[in-house]
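First chain written, first letter: the chains are A, B, C and D, and each begins at residue 1.
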Amino acid sequence: MSLNSFGHLFRFTTWGESHGPAIGAVVDGCPPGIALSEADLQPWLDKRRPGTSRFTTQRREPDQVCILSGVFEGRTTGTPISLMIENADQRSKDYSDVAKAYRPGHADYAYDAKYGFRDYRGGGRSSARETASRVAAGGVARLVIPSVRIRGWVEAIGGDGIDYAAFDDAAIDANPFFCPDPAAALRWEAAVDAARKAGSSLGAVIACEAVGVPAGWGAPLYAKLDAELAHACMGINAVKGVEIGDGFAAAALTGEANADAMRPGDADGPQFLANHAGGIAGGIATGQPIRVRVAFKPTSSILTPVETITRDGAATDLATKGRHDPCVGIRGVPVVEAMVALVLADQFLLHRGQCG
Amino acid sequence: MSLNSFGHLFRFTTWGESHGPAIGAVVDGCPPGIALSEADLQPWLDKRRPGTSRFTTQRREPDQVCILSGVFEGRTTGTPISLMIENADQRSKDYSDVAKAYRPGHADYAYDAKYGFRDYRGGGRSSARETASRVAAGGVARLVIPSVRIRGWVEAIGGDGIDYAAFDDAAIDANPFFCPDPAAALRWEAAVDAARKAGSSLGAVIACEAVGVPAGWGAPLYAKLDAELAHACMGINAVKGVEIGDGFAAAALTGEANADAMRPGDADGPQFLANHAGGIAGGIATGQPIRVRVAFKPTSSILTPVETITRDGAATDLATKGRHDPCVGIRGVPVVEAMVALVLADQFLLHRGQCG
Amino acid sequence: MSLNSFGHLFRFTTWGESHGPAIGAVVDGCPPGIALSEADLQPWLDKRRPGTSRFTTQRREPDQVCILSGVFEGRTTGTPISLMIENADQRSKDYSDVAKAYRPGHADYAYDAKYGFRDYRGGGRSSARETASRVAAGGVARLVIPSVRIRGWVEAIGGDGIDYAAFDDAAIDANPFFCPDPAAALRWEAAVDAARKAGSSLGAVIACEAVGVPAGWGAPLYAKLDAELAHACMGINAVKGVEIGDGFAAAALTGEANADAMRPGDADGPQFLANHAGGIAGGIATGQPIRVRVAFKPTSSILTPVETITRDGAATDLATKGRHDPCVGIRGVPVVEAMVALVLADQFLLHRGQCG
Amino acid sequence: MSLNSFGHLFRFTTWGESHGPAIGAVVDGCPPGIALSEADLQPWLDKRRPGTSRFTTQRREPDQVCILSGVFEGRTTGTPISLMIENADQRSKDYSDVAKAYRPGHADYAYDAKYGFRDYRGGGRSSARETASRVAAGGVARLVIPSVRIRGWVEAIGGDGIDYAAFDDAAIDANPFFCPDPAAALRWEAAVDAARKAGSSLGAVIACEAVGVPAGWGAPLYAKLDAELAHACMGINAVKGVEIGDGFAAAALTGEANADAMRPGDADGPQFLANHAGGIAGGIATGQPIRVRVAFKPTSSILTPVETITRDGAATDLATKGRHDPCVGIRGVPVVEAMVALVLADQFLLHRGQCG
């Protein structure tokens, strides 16, 4: 995992800034012979694409992915797959505010401290726009592990959570919030509308589940499945927390309450009586569903002016104008799914490499 | 980060099992010329060492670290530092129970599923004993970044948290729980005793702070400081959750409430009015204290029998006898500190390498 | 060094096939603040560009490099630099011969054995066309180490070597062979013409020197400067041998004859009385000029029919038609220079990272 | 490949200095279930062990390897294998000469330039003693690829080469030079004796062949099999050149002369009419024997005084006393074999990981 690459054997490298001509990813180590075309990747990009509802940024990007290499006669060749997405809607706005002052909570100050200067247009490299590259790469990863079903949803917005008793898988794609609880979706509609109108923003919690991961994937001790998932998810823009299985709630349990007892099962493995562990023990998959929860902070790009300083160190107030997500966590769902897919595809190849 | 190595430029590799002759770590990439002897590392190992109170496992290990290479005339040479710790108290107990059946919540079943068989003595490679190697390596890491102060404590045991208004730095090392709140320490004494006597176990939440990290450390986008910390901490035995700054609580905030406003500061950087971000923005340190929270599940090794299966797939009940921590999170404090030190030393070298 | 990436801190990843829409490289880890535009890279690409004389392939490629990311207001930002070169002259020839049979000496059979099938158009990923990406990346590397002067030349073609007594630095760029000995250049003109007309091909030896590398660069023991150079050069298409300093000739010397004696020098280091070592001792630069020699085999693409087999295992004869270099080693000069630059830029950052 | 680690999936890390208490290697990524004990590794170490004839250094080292982890009940567990070899014969000689002045041709000056100081006892980390760790690790690698037969020999000493017409496989282990030509062995005996008595040293060329490598191993483009072998061999102490197949001789051939024509074969692959390529095309094994040649310079440790400088920059003459190999290349045979085994084991796992 070196700077802008992620993964060991199934490895991707991303490049590109919010307002450059394009962004992209190079996917390396993909097994040969897998059927792949742009049509296989576009649905995931469409899911993440901005401008599809009033609850996401109004930047209009077609996000058409283009495969530049690594595929021949419709199948992967085993050589690097170069994916490119053009930046279409780079609004020629005036960035002088952001160029001169640091948006609180943004990476502006940190990038300047690190590199001495920064591409301030739309956040440059630190923009969440880069996650489109991850989603495209994640689309390839899904094809490497076709028997694994990866599914994410929003569990809470602004502290208002869903009722798991009302969980309806079919509802997830039927509202603009990837919300499995239709009643919660209605409440969120009001809340996000209110935040948007108030020039504010809201945080969110995303849950993601991977079903069909065979027992044995995972590479202890320093490429553990749970550690890799934590790295992958914590590295997503705006993420501040990651849990596997019961997560922080497990810290309040007793050993008996937290035990995932086992009974004789079938060819697919033992029968587990619970899944507090979220499908991972000792950094290795147990065969149960992998469960991850991810906390997204509210985006720092708000219309409400906040105290800050200029590049020269002078005091100022800054309101972040422009087009922004009132709740960036919503579009985090396809990104979390993609990162989970990328980790699992990598772990599949690592396991096959070492253990045959 | 390949299987049993961690880090990019400051990189360590660990080896060893719970009941083999020894465990150890090879620390590679350490800058030359740093004064180093076993006496610099031993205090951290002593902090993690078992058998020092009735609240930890009664396994007696002196945990004497030995430096086998990489130091000449008292200073690091820039070549690999080999650290070895002998396993002294490998009790010749009968492991036939564990050899034949899977302890629920343990890595037993997953290791068998992955590798076809396992070293079942004391958990083998999956034992928390391996974390002694991390602590030793972390001691070297601290010397690489001497101006950074890393400090961890227990924040909650079994769901019972400290009162931050009563936070007393001096108290942390004055009780067997690394507890900064003396009143909480008294309550925990009763709770852990009760759990121990009941053959049960308790989870815990650890907090860790690193003060003095310069703005600019961190390597976006796939070696982000927060992602590396998440990887480092989630990879510790029994950890199920990691938060940076406000973590999951941030997901319930509005953008205004979560903003870390800035005012003109001094030569050390701007004055921040809050630290919701935990000292990291865009994966790069802001100069504020780095704040991490880590959730440890209750250890699965409990005397209460739990339903499980044998290697042959038959139903059985298993009680984990032997010497175990009633609350493994307590000894997690020096381990979390070590991992934070290891990540920061690595990020320091990465930053110096790329940015001079 | 993972599959299609090279380097540790200054790291590049290439993608693309001979007859896809484009090829490219992502350069990661470049220090920020370096002035960079396409005009800085194009001269090196022009040096490697085919079709500039009758002694290279007649494929016409403008090889215009485009920078898609990582540069803002004319300077590198420290984020990945995406370089793309369009494939302009993909002649729509009939590849049915190559699709069905294996060209002896080519990678055709090996790719099929590895991946199950291959992109046979122009050699696909195994084509020397990919080296354009290396040359572009190498152009960035040169800017990272501006005080190092890297210079390559052809030392022999078809076994006919230059007279080092006649070495004329100015001559190197004054003939189509990068030949520092004008008399040899005249002989090579006749020899390469003859080979071209006979449908044959010739091998070549390239020499490359890097002056100005400070003593201390190099990362023993498994990222030694000489080992990295050997990896970098042996990985170039058609290369079969690499020497550092006296190379194989050193194996015939005595210890006294091979000694590089030292005398007191100046601020730049000691005065060396010889440079048998080629500027590297123990994997670390000594401050003397780095010297590498690289052997290129004659290209296997010849018009003379050779016995081979079809994909189905049947016997056949194959003559490789199309546009090919009669001496592929000639255009190897800018490629070797690029690889040397890429290794040195990486070693510079590694050294700065570990040793400050 | 980071500093002191080598390999991707089958990866080893070495540590230790010539005069420290021990040296060792951690082998990571080894498949589980392989029968392994010290007795499997010792024969390779014995082959490299010093002091077995008057033609090698008289340092007496038993070189007993000890397995500290990663093996349970006689089989590898898939976890790191820690190998340790004690340094037994660290003669307490006076190193003040070497501490104060730089031995020409040695790494002394370069290490000081890099790290600011060095462990001067016996060359410290730069000593060829470290290669014992590689040989031990290589012994594990051989067990991972049991169907591959790796065999090295000395091809020339001091410029005097063997007669391949007289090649006798059985002779290789029947003389102290790993010489397949008994007549040459007799000549070398005289030559090495003369060099030893004269306080001089001789270079050597080693050849190594790996038979049974399946077509398809190799990971283009930046983990090519030939590039990895070049890295592995050029990184051995005293090596200055590496060739694959015909190497530099190929540069003097025409395309027709260099072609490895193919005819229909059997289940094991096609019949090749020649092996100029040394079993590798496009960085991938063709199924033919892999052939590598490696040039060792004469050791710089000679009794003849050579001009040099002190650490303070003053002129002096230095004769390297102590126990040294008159021809270090001889003991290079088991080291080259080990490095070839390590590369091939790694490529086997990489291939299985990506291509199944």
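Everything that follows uses one rule, which is that a residue touches a chain if its C-beta (ideal position, glycine included) is under 8 Å from a C-beta of that chain, and two chains touch if they have at least 3 such contacts.
The chain lineup, named per UniProt: A, B, C, D = Chorismate synthase.
Treat the numbers as computed from the prediction; the structure is a model and nothing was measured.
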Chain separated most widely from subunit B (Chorismate synthase), comparing mean CA positions: C
C-D or A-D - the one linked by more C-beta pairs in contact: C-D
Whole-Å gap separating subunit B (Chorismate synthase) and subunit D (Chorismate synthase), where each centre is the average of the chain's CA atoms: 39
For subunit C (Chorismate synthase) paired with subunit D (Chorismate synthase), centre-to-centre distance based on mean C-alpha positions, whole Å: 26
Gap in Å, rounded to a whole number, between the CA centres of subunit D (Chorismate synthase) and subunit A (Chorismate synthase): 46
Residue numbers of subunit D (Chorismate synthase) (touch at least two other chains): 2-5, 8-9, 14, 29, 32, 78-79, 114-116, 125, 220, 350, 354-355
Touching residues (chain side subunit C (Chorismate synthase), partner subunit D (Chorismate synthase)) in the complex: 1-6, 8, 14, 102, 104-107, 109-111, 113-116, 125-126, 130, 156, 158-159, 195, 200-205, 214-224, 226-235, 237, 239-248, 250-265, 269-270, 273, 276-278, 280-287, 295-302, 304, 306-309, 313-315, 329, 350-351, 354-355
Complex interface listing, subunit C (Chorismate synthase) residues touching subunit A (Chorismate synthase): 2-5, 8-9, 11, 13-17, 20-24, 26, 28-29, 32-33, 68-70, 72-73, 75, 77-82, 114-119, 124-125
Residues on subunit D (Chorismate synthase) engaged by subunit A (Chorismate synthase) in the complex (per definition of touch): 9, 29-32, 78-79, 220, 349-350, 352-356
